[in-house]
Amino acid sequence: MLYITRKERFNAAHKLHRQDWSHDKNMEVFGKCSNPNWHGHNYDLFVTVKGNINPETGFVIDLKFLSHLIKEKVVDKIDHKNVNLDVDIMEGKMASTEVLAQAIWDELADAIKEQGCSLHCIKLYETENNFVEYFG
Amino acid sequence: MLYITRKERFNAAHKLHRQDWSHDKNMEVFGKCSNPNWHGHNYDLFVTVKGNINPETGFVIDLKFLSHLIKEKVVDKIDHKNVNLDVDIMEGKMASTEVLAQAIWDELADAIKEQGCSLHCIKLYETENNFVEYFG
Amino acid sequence: MLYITRKERFNAAHKLHRQDWSHDKNMEVFGKCSNPNWHGHNYDLFVTVKGNINPETGFVIDLKFLSHLIKEKVVDKIDHKNVNLDVDIMEGKMASTEVLAQAIWDELADAIKEQGCSLHCIKLYETENNFVEYFG
Amino acid sequence: MLYITRKERFNAAHKLHRQDWSHDKNMEVFGKCSNPNWHGHNYDLFVTVKGNINPETGFVIDLKFLSHLIKEKVVDKIDHKNVNLDVDIMEGKMASTEVLAQAIWDELADAIKEQGCSLHCIKLYETENNFVEYFG
Amino acid sequence: MLYITRKERFNAAHKLHRQDWSHDKNMEVFGKCSNPNWHGHNYDLFVTVKGNINPETGFVIDLKFLSHLIKEKVVDKIDHKNVNLDVDIMEGKMASTEVLAQAIWDELADAIKEQGCSLHCIKLYETENNFVEYFG
Amino acid sequence: MLYITRKERFNAAHKLHRQDWSHDKNMEVFGKCSNPNWHGHNYDLFVTVKGNINPETGFVIDLKFLSHLIKEKVVDKIDHKNVNLDVDIMEGKMASTEVLAQAIWDELADAIKEQGCSLHCIKLYETENNFVEYFG
């Protein structure tokens, strides 16, 4: 059993806010992350896949395939977008890094299973100081 | 003569677009950077000051002072904001990294000169792959 | 279940030595890390918290709270200090990175539990080449 | 129980190819990684050891010992070499990062066990975007 | 006048050696960098362009254009290749980082001048510890 | 003319203080950097050499030689030491990063000139946020 990780990147705008809360309540709970006109981040995404090594290729999974999969299913949907307004997999959800990591898991898990291995972890950096890890 | 640099960080939303251009013209020139609902970045800012070493303190400039100055005059105005909509020093300007670096220079140069040294360079990273340097 | 990590930093002096050992024995076992007049490091601290996502906020734990907690209970006690001489939570202990990570765990675990989640890991870098992880 | 990690580095040439496959089949499966005249990488290696803290020294394992062990058993054999042609521990194997991580594990596990602790993980970066982890 | 930099990456094999020198002379002068079966690196390339800001776009140069130019003229020629054997712009030259930086300058300078600005610097990292800068 | 840089690292304890000042005056001017029992840093040192490329070797300067020179004349004198107490080249001087960079310049400039090239810059990082550059 071996774990292999691919890093991809995307940039996006977002804000933390609830429409069913007043502006004051949003600012009290979320602080500057609730700035009405948005703010944004360079997100770093690490996708870790777990599996056995194919003795013929020495691969757990073809990293070219994994990179294309992440780009098609995740990066193309979020990069240079607004997480709250433009991203279908986040519709109706809080635009926190935690919830975004879960949505990315849901996009990738089945397609990775079809390759004979399994998604192990989504690690998502919002800044160099904050990141989350989700193991399904 | 010695050069000393302080790094600070801010996160912000922005887009590249001209209101006097059509949506199609904006997308043609600026591509995904012109996404109508914004995108965003973790910006890294390096402020370099040039001066002689004060023999009493061993300092060119007090870095605590320089850090506070950058926070008051730059970071507090841009961090967790929208560069196009919320930032007075960018009003009426293109929200490119190039123009933002110049606006930051203008905010800092005089206050640094009052300390008996001079602002040498504003280096501003938009992503790990793109940065600009402005020397006044 | 989701894991969220906050990175903080502190600088400190320390040395590895035992008062019940001779200088020669200390130098033999600890080498240059036992330099009598101390040396020092820029430590990087990663605090990982495990918990469920609060559906109202999208948070596992409020990172502003977590950052303030780490600063109050850890960084303010060690930053720009001498680990052997100035830090109460290290009194009478070896000033190794391993032991320091355990002492930091003990400072943070209860206050994090009070937030309805749990401390998962203290990861402490002494240099870019050496780090420890403690899971309680 | 505590985990301690040492980072070392090596540079090497390699290619992904099977001699029992045609050039076309190799290029189809491995793409540019199968360039006949080789390519290369700056590899980053993280060796994680698990054990109890020795109360006398505050150590899980002496990092000077661990660093020397890694240099003797791994770095000296691979650094500035060709993984396919020059490295005895990779003879007859696919020169993938996955297989290389396993071969490094096999070189280190016994010598670390002799120190009263155990090898926990080999983490090997091929580029900043690709890395593998092997836990034995 | 403003400076803007684009970072790109490539991986390659190379060795330092002169065919008009004996193996022993090559090893004496170049050491392990002269390993007959090659070694390799992850190179980081920073291309800095100098120019005035276009008031209409806020750009010195379109970074999408610059990135494509570097990929077409440099990265596609060197990435996953052997600098000594596969790279036409290095034919008959020493495969040192210094000489490679000059060859990259020669590939890019004219095409950047056609954009109304000028190439200012090629900065090329061979490892995190070694890099060169060439200003033409 | 080409510039080549070698990065080395050292760890050290220091404090900013003047013996001819009271404790209160030291704390007022230098703040926590004047902690009586010292603090410390992982310093990153970049030494940049300027020269012509030797057509026979493709080198400006042999980096093995440069690395050994920096280790012998700088790193061995400061690493795992106390800048104020243990380092002869800093005797009687303020232990600021600025002054340390100048002292390192003085140690290296002549030996580099003897190689037929010249020392161009000493860049010294005290933390990831603070660094100085000295050009002689």
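For reference, chains read A, B, C, D, E and F in written order, and residue numbers begin at 1 within each chain.
We adopt the following convention: a contact is a pair of C-beta atoms (placed from the backbone, for glycine too) under 8 Å apart; a residue touches a chain by one contact, two chains touch by 3 or more.
In this text the structure is predicted, and so the values were computed from the model without any measurement.
Common neighbours of chain E and chain F (chains touching each): B.
Two chain pairs, C-D and A-B, are weighed by contacting C-beta pairs, with A-B ahead.
Centre to centre, using the average C-alpha position, chain D and chain F are separated by 33 Å. Taking each chain's centre as the average of its CA atoms, chain C and chain E sit 41 Å apart.
In whole angstrom, the spacing between the mean C-alpha positions of chain B and chain E is 29. The set of chain E residues touching two or more other chains comprises 128.
All chain pairs that count as touching, in label order, are A-B, A-C, A-D, B-E, B-F, C-D, C-F, D-E, E-F.
Across the complex, chain C is touched by residues 16, 18, 29-31, 93-99, 101-102, 128-135 of chain A. Put simply, chain D touches chain E in their complex at residues 9, 11-14, 32-33, 35, 37-42, 79-82, 85-86, 127-128.
Those residues of chain C whose C-beta lies close enough to touch chain A in the complex are 1-8, 48, 53, 56-60, 63-64.
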